[in-house]
Structure formats: structure tokens, C-alpha cells
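These are the structures in question, set out in turn.
Two complexes, one shared chain (chain A), two partners (chain B, chain C).
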Partner chain A sequence: MNGHTHNTDDRRELQMARSMCWHCQSEMAGEYFCDRCVKVQPVSKDLDYFTCFGLPRRLAIDTKVLEAKFYELSRAFHPDFYQNKSNEERSISLGNSAMLNTAYRTLRDPIQRAEYLLDLEAGAVKDIRTSPPADLFEEILELQETLDEFRESDRSSEHASTLRAKLHTDRTNLEERQRDMEARLQQLFVRWDALQDRGEATEQARTERTLILKDMRDILSNRTYVKNIVNDLVATIA
Partner chain B sequence: MARIVGIDLGTTNSLVAYMDKGTPRVISARHERAMVPSVVALTDNGLIVGDPAKEHLTRNPERTVYSVKRFMGKSLADVQGELAYFPYTLTEKGGVIRIQLGEKSYSPPQISAMILKELKLRAEAFLGESITKAVITVPAYFNDSQRQATKDAGMIAGLEVLRIINEPTAASLAYGLQEKTQGTIAVYDLGGGTFDISILKLKNGIFEVLATNGDTHLGGDDFDQLIADLLLKDIRAQHGLDLSTHPDHMQTVRLQAEHAKIRLSDELKTIVSLDLPDGQGRFTRELTRDQLEGLCSPLVERSLGPCRLALKDSGLSPTDIDEVVLVGGSTRMPLVRQRVQALFGKEPHCDLNPDEVVALGAAVQADILSGGTTDMLLLDVTPLSLGIETMGGVMSSLIRRNTTIPASAKEMFTTYVDGQTGVDIHILQGERELAKDNRSLARFRLKVPPLPAGVPRIEVTFLIDANGILNVMAKDMRTGETQSIEVKPSYGLSDQEVERMIEDSFKFAADDVSARKVIEARLDAGALITTTEKSLADGGHLVSAEEVAKIRTALSALASAKEGTDPRAIRGRMADLEQAAKGLTVAMLDDSLKQGLQGKKISDVT
Partner chain C sequence: MAYSEKVVDHFNNPRNMGSFKKEEDGVGTGIVGAPECGDVMKLQIKVQNDTIVDAKFKTFGCGSAIASSSLATEWLKGKTVEEAGKIKNTDIVQELNLPPVKIHCSVLAEDAIKAALADYQKKTDSK
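Presenting the complex of A and B:
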């Protein structure tokens, strides 16, 4: 037996251990509740948000289905319904509810959903950008200078109002960029979902998959960078 | 399971409600209104609460505490600007405000506990059972310290607080129960001291809060203060008198201002008049609704900012709101209604009594917790972002505002120096960039095993529970060991302090009960004196002069006992008087029977 197979066995064993009811130790067949003693079970840390809501791992999701499932699971987990239960059950209900709320918040928003999916598919991807994206480098350096100048200026002066006007234009431009990136992301989302739907295991499909993930990652981090700049801008000139 | 009551612990008034076969109802004491003024007074007979305490506002201003909710979870520095308006003395101990009442000083949770106890007694008397569990409401925009202080108040009052619930969302539960509403609603809640706006989505029994905002320092009290300032200025101009140095007269001015404001909700003009001190005559002036609105307009405008922010945070525009609900006594002002209607572009709902709807909703939530109501579920949010202080005094946000609760965030900590044994963590709440501009919630030291720098990995979980209150847990990722964290609140009572206050409250309970007995005996004695005097006037001629003299003696004996503090003596003299007046009572009964029979045929009466 080679090492690879051995690892898989280990993982299966681990899953078996987890699929035992914490209360009556019977084997778990139900999703979130033990079939035998009907006690609520802690949601596994390895369960991804898509699976949690019973949704396919796609970037376009039916938000109506998402909401309905969120409400259904909220009714199952919310601490309000565990007031008279044991300490263990109350603690599980609290943990599950907090996890459910995070999952819903993440999947409800298209950008957070994409970031989460990237994280699942390609590991830690949400590295925080500390320098401007290449195509915006010059523009943003200049903007930072204007911002600093504006901060130090006498707000009632004519110079300040010139700077403010310039910052307004910059803001409009950056917001346009942001929308542009979002449109490109949307196209990538569609391509990703189509690729997943086809489910091909060819070399070509694998290459395309890697490319889409890489593009998404770049645009997402650029977008975050631009968005932070815009927020800063809005706060300063407000 | 034992009954859970719902309590609205308000700035000016408090109420208790319960669920009666699927319908929430407020509880009134015998012959009294349901609202208990949130006022506590120290009298010669001990501490009294509610309507009787309210009478002491002008008689005994330095020893009568009102609007204590404004001080919950606050330090003295937080309220510096308004200290001048309060006639009672505030001090501080260990970051917590203390209110001086005679020899002793009390924390705001202790004062609130006295109000809660009064409500508890009412509920117990009405329901005929012991009440130990409650749901208590707080303004949605209350921070962690203020929520914790409210929970402490409940514990000190001998109540297990099963849930802290937000006032506007409580109101939505009461409305939802009544109308089975669906759609998006905005709850505009302007109370005595606080303002909240909450935007909710109602669907199939789920009440999902999308966003909330508010101002914990904006309410009817502020309107009253503006009117009072105007009156004080007028009195100074007309009579050359500065009443601001007379606490008792200041309270009279404040109460007159409040009454005038209330009258102007129905009338277009009103007359304010009050006696000046030391027989210096009377001050009178007319106040029109226009003048009132001119004064209050900036405050009402101030409430609209949070409304716009809440809309923005929920990603909605005013036209997306299907219904607007008004909560809180201050929404009776026509100006408030106009401004809210103008903002949302639709006429607001106020079908339920705005003073009672929050308590009713708390009772609904209590019923959900006890398993009675199962088709409704409230999904609330945390009003303020929660974070920790990072390098350079910047706040790093962990849980953003308007996140559905329960909510949790995990953060990994390590060391920078070899052998370092602790990491200091400073927890903050607020929306500002810099740590110092936000509310400090707590500080604690994370224990770390001495290892080379960067090796320890401690995962800290910040969890905001369904009450909106923070819990912190830490886990050593190398050993899997969890550590309990003692979080010292920055502006709150420690667990030990709460313990001690609970013990104290048992000690004082005996005093409180006897104070209550004195008050009740006095009230009953007063009623007996009045009826006996009336009987003497109407039927004194029916009995002998000797008997009348006997009754008069018993009357004056009761009158002097009533001035004392011994309830048994009062009850004893009451019995004496009843005995002495027995002949008179019988004589009057006979007389009235005779009167009734006159002019009637025997056949009519047999």
C-alpha cells in the first residue's frame, strides 16, 4: 500500500469518527440532527458553505433558494429554540447559528462569494495588496499626493477647492474602474460556472480552470485595493 | 417551565407584560396605570419607586433619581456635558458612575434594579406566582457595556435575564403578531432618552433585521430641556430670577415643559404657568406649536441622519420600505410624524399604543423562549462594529456592524519576543478608524506558554451572542487546550461587584418591603379618613354628640399615626376608627333604607 492511499483511509476514518452523535454515540445518518436521539449536532468545520446550503459550487446562485434555506436552518439552529435544552445543546446551537450567519453573509454577496470560492478552490488567495495594481500605479501615486495636499490645506482656500474638484474627478474615474472590474468578474463567473457544468477532466479544461482562478484572484484584489482608495477619498472630501 | 415576563425598562417609564393565551398584555397594578415612572426616590421611609417617587421630583430633587438609563454602562466623563441638568449628585468609582442618595451611593444598574423589582412585584401580585425570569429590552443602538449593565440590573433585581432584546425589533414582533405583516418595514423609535431606527424584512414568521442605527442620547428628555431653557430665559428676563440654582424649581420648570409639550401634540397653543419661589408671584407665558417645532426641529432632523444610514447599510431606498412603524411616546409629536412621513414617503403606522408596544413585543419574545410561540423568529444584528486595537493604535474590525447575531470571528495571536508569556488584547466597539475614538469594551491578557517568538499559536474567538453581548474564548492551537479569559470591562461592573450588589439587594429588600407597607397603609388610611369625614358631614346628625366626639378622636389618632412610619400602628388606628364609626355607618344605612321606602306601597317592597 503506498502512502497516498493510506492518507485517504485516514481521512475516511476521521470522517467516520465525526459522524457519530456526540450524545448517544450512534452513527449519524441525518444531516444536522441525530436520527436516534434527535439531538442537534455541531456543524463540521470542514463543511463548506455551499454544501451547508445544499447549493452547487457555482458563482451564480439562486438567492431565493439561499434565503429560504437560511431561514430554514435558522429555525433549526437559533438559540431561541434551545432555551430549555442542556448546556451542550445550547452551546452547539450558538456555534451553529454563528457559523450559519457567516455562511449566509458570505454567499449572499457576489464578491465575497467569489473570494470564498477562490479560497476553497485555490487555497489562501485573499492576500492583501500593499502596492497599487500595475495599470493604476501612476494614477494612484498622484492621487495619494493630492489627498495628502488636500488634508494639509486650509479647507476654505481656493487651492483646496481646486484640489477637491480634482479629487471628485478622480473618484468618478476610480468608481468607473471598479464597475469595469466588476463587469469583467461577472464574465469570469459565467465562464467558471459553464466550465464546472461541463465537468470535463481534460488537460485543456484544467488549464482553463487555473487561468480563470488566476484572473479572478487578480481582479478581486485590485478591486479591493481600488475600493479602499475610494472609501478613503470619500471620507476625506466629505 | 416557569413563566417568563417581558420588561420595557425605559428612560422615563417602564412596563411589564406577559403572554395571555397567545395575546401579549401589559400588567397594571390595582387602580393604577400600567406605566411605572422610572423614578427612584430616597424618603425618610426608605427607597420608593414609580408614581409615588415622581412626586418627590419637585419636593426632594437631590434625592430623586430619574432618567438613570442615560448613565447605564457609562463613565462620568461620558456624561460630563449634561451633569448640570441633573439635581442629584453623580460620582465615579472604578469607571462606573455612582449616584449619591443620602449616605449611600448606588450604581445605575442598582437604581434600575429597583425599578425592575417594582415591576417584578406587580407581575407577581397580578399573576399570583413567583417571577424569576425575564426578557428585558434595550435601545438597539446600545453598546456592549450598556447591554451588560442592563443584564446586571436584572440579576440584582433577582431576575434571570434570558434575553436582552432591542426595542424596535420587540415592537416589530408585537406588530407582526397582530397583522401577520410581510415585506420590509422601518421601525422609528423615539423614546424618552434614546432614538433607534431598524429596518426589517418580514417573511413567513422570520423577522430579519437588515440594519439598525440610532442615537443613545436623543429623546423626549432633550425636547423638554429645550423648552425648559426657554422658560428659564423668560423668567430671568421678566422677573430677574435665576431658577437654575434652585433644584426644586428647576424640576417644576422641567415638568411644566414636558406637560406643555404633550398638550401641544393636540393643541396649537397652550399656557405655561408656574409659581415663583418665595412668593414672588407667578410666571405665565403662551407657547405655540410653531414655537415648539422651531425649538425641536434640529433635534428631529438629527434623527433622520441615522435613518438614512440604516437605509444605506441595508442597500435600500425609501421607496423600498413597505411600512413605517412609530414607537415611543415622542412619536406623538406631529412634527416627528411629518418628518418621518416626508423621509419615507408614506404615512407611518401607529395602531398600537407607542408606550406599550415594546413591552408587548418583549412578552412575545419571552413566549418564543419558553417554547409557546414557535412560528416566529427574530434574527437581529449587532449595531456597532467590534474589533481589537492593533499596532499604531488603529482599530482592526472583526465583526462589522449590522452583522446578524449570533456572530463570531476568530483571530490568531502569536508572540514577538522569545519567552514572551502574555499578549495584551484591547477590545473596541465603534466605527472610527483609531482605537482611541472608539468605545473601549475590555482589556485582557492572553496567557502564552514561554516559547521562541512566533511559535505559540493562540486562536481567540470573539462571539457576540443573541443578546448582542460579547463572549471571548481562547484556544492554544498546539496543545488544543482552551483557556478561560477573565475580561475586565472598561466601563462596567465586574462579576464580583454584581455578586455583592445582589447580596446587598437582599439586605435592603427588608427595608424596601417595610417602606412599601408604610406607603400602602398611608394610602388606605387616607381613603378611610376621607370617607369617614364625608359620613360625619352627611350623617353626623343621626348619632349622639358623644359618638361624634368618639369618632373625631379616632380620626385625629389615625391622622397622626399616618404621619409616622409604623404600618402596624396605622392599621391599628384604622381598625379603631372603623370600630368607633360603626354606629354611624349602621345609622346611615338605616336612614338611607328608610328614605328609599318612603312613598312606596308595602307590596312594592315585599
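Presenting the complex of A and C:
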């Protein structure tokens, strides 16, 4: 994992070069602590979570590296170690810890990681929002109506058992589609990472990049709709 | 975080819940969704002589989304098509006192109104 970290490293260097230690005003060379006065530094709001953990902007990440870095930084920022320090340092320790926890939770989960990456890239890719899935909406509304009908029915009636059987089939089908969507997402993750690794700046690479992000956006939002209806199904017919 | 009184009221006593037949004359249907939370909202208007005489909604989502669409149908009734197009999500936010994390629910309601109006327009134009 060398070539593809290049961009992220450049960005980080730029960010660090511009900043000054809040305490001794010397130029910051260290990562989160001033090299000169050893004071803790606030994590910049512009720093994305990947950079924060020293990870490339990829969707397959080494969770061991992520975890190790999380523990390392958790110790470094932990408020317990700042109880006897100045107000500034205490508040930086709190802010950094909170940010670190959110960053870790986001990157740890593959879906949240992808959502976050999309947010980061959305600015770079115009029109990342695609048209709403009209067919899926229709399907969901219809299913919800059947669910309502079932909820209001006399559970011991024949009508209710017919409805229950139908809802069971719907549930199986939807869960099948969920698995299919996850598989397609996985494929997109692999394609995204391969593209990042190649690091090309050609027109073709840019087009592919946009396509991948759009497809990811589509599947991720459809996945949320399907997940909701499956949850409702499970809760009602369980 | 607690819901405002108005949200709770609309949630417990939703106004105008239900639906019209899509094919019916003068009916415009808007179905929209919020990809962030997976909420789906259907909002319909019934137009006679350029005035919205009735409106109905069906929303599957959180309390704020239900309240936003319930309020929207209340506001829509009696408005002309042109006036209806001017309803803004910020009006809904203000009326229901929605917190920042629930603003997308009001956006969803505005989108639903726009979609229903567009559908009505399309139906009228194609005649």
C-alpha cells in the first residue's frame, strides 16, 4: 500500500505545513503533537477520517491497522491524561477524543465507510444524486398496505393466513435482493479501490470514477429503503 | 430529543391520511423518498378549476415525516396550483419546530408537493 497513499500524504503535508502550534507558535511538523513544546494539537475540522487514521481513501481497509491506530490515538488524546493540564489542553483532548470516536465508528463499518466516502467525494462529482427509484417506491407502498391490512385483520381468520403467507414470500424475495445488492456493492468497492490504486488522472478514469460513485449511491439508498421494509415485515409477521 | 407538541399532535391525529385513485380526473400523485433514512411519502392532490379541493397522504417513516406531510395536506387544501408551488420546507420547519436533524423530513414534504403538482400538470397537458 504505497503508491496510492501518495495523494493523501500530500494533502496532509499541506495541511500541516500551514498550521502553527497554538501554544508556542512554531510551525507544526508533528502529527498531533507539537515537536517543540509537545503540546497536543486540535485535529483540524478539514481533516477527513481516512487521513486522520493515516489510511488511504479506499473501501477495503485493514481493520487491524485501523484498530491499532484508534487505540494509539485514544490513549494519546484521552481526557484522563489531561486532568492536570491547562484549560486549552483539556478542551482539545475532549474535542479530539469525540472526533476520534466518531471517525472510528464510521470507518469500522463497511457501509458507513462507503457512505462517508460518498459524502467526501460528492463535492468533486457533480450530480451524484440520481433519479429516485419510482418502481421501488410503488412496491414499498403496496407492501405497506398489505402490512396494514394484515395488522387490522383477525389473526385467526383464513384471510390473515393468506396475507401472512404472501408477506412471508415477499420477505424472502426482499432478503434475496438485499444479498444481491450487498454483492454488487462489494464489486463496486473493488473497482473503486483498483481505480484509486492506479491513480490515473485521465478523462476515462474520471468518467469511471463518477460512474462507480453514482452506482454506489443508487445501491446504498435502495438498500436503505429495502432494509426499512424488511424490518417492518419481520416485526409484523414474526 | 423530544418532538414538539405540534409534531405529536399531527402524529397522533394525522389529517387527510389515505389516497385517491391515481387515474381519477384532476388527481396529481407524488411519491418521494429520503435515501438518508429510507422514509417513503406519497402525497396526492385533487384539483378542480385550478384550485386544490382535497389532498391526501400516506407516509411510512418517522414522526416528523408523518407530521410534515400531514401539515402539507392541510395547507394545500383551498390553495390554487400556483400558490401550492410556493410552499417551502422552511415554512414547515417553522410551523412544526423541527430540529436540525429532522429538516430532511420537511424537504421530503416539499418534494412530494412538487412531484404531485408536476404529475397533475403532466396529466392536464397531455389532454
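We adopt the following convention: the second predicted complex is superposed on the first by the 198 of 238 C-alpha atoms of A that agree within 3 Å, B and C clash if a C-alpha of one lies under 4 Å from a C-alpha of the other, contacts with A are read in each partner's own complex, and residues count from 1 in each chain.
One rule holds in what follows: a residue touches a chain if its C-beta (ideal position, glycine included) is under 8 Å from a C-beta of that chain, and two chains touch if they have at least 3 such contacts.
Bear in mind the structure is a predicted one, so any value in this text is a computation, not a measurement.
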| item | value |
| --- | --- |
| Partner chain(s) touched by A:Thr102 [first = chain B, second = chain C, both, neither] | first |
| First (chain B), second (chain C), both or neither touched by A:Glu200 | neither |
| Which superposed partner A:Glu27 touches (first chain B, second chain C, both, neither) | neither |
| Touching partner for A:Gln83 - first (chain B), second (chain C), both, neither | first |
| Chain B versus chain C as contact partner of A:Arg75, first or second or both or neither | first |
| Which superposed partner A:Leu94 touches (first chain B, second chain C, both, neither) | first |
| Complex interface listing, chain A residues touching chain C | 132-134, 137-138, 140-141, 144, 217, 220-221, 224-225, 227-228, 232 |
| Contact footprint of chain B on chain A as seen in their complex | 71, 74-75, 78-81, 83-84, 94-95, 97-99, 101-102, 104-105 |
| Residues on chain B engaged by chain A in the complex (per definition of touch) | 1, 162-163, 203-204, 206, 208, 365, 368-371, 374, 377-379, 403-408, 463, 465-466 |
| Footprint of chain A on chain C - complex, ascending | 31-33, 35-40, 42, 58, 60 |
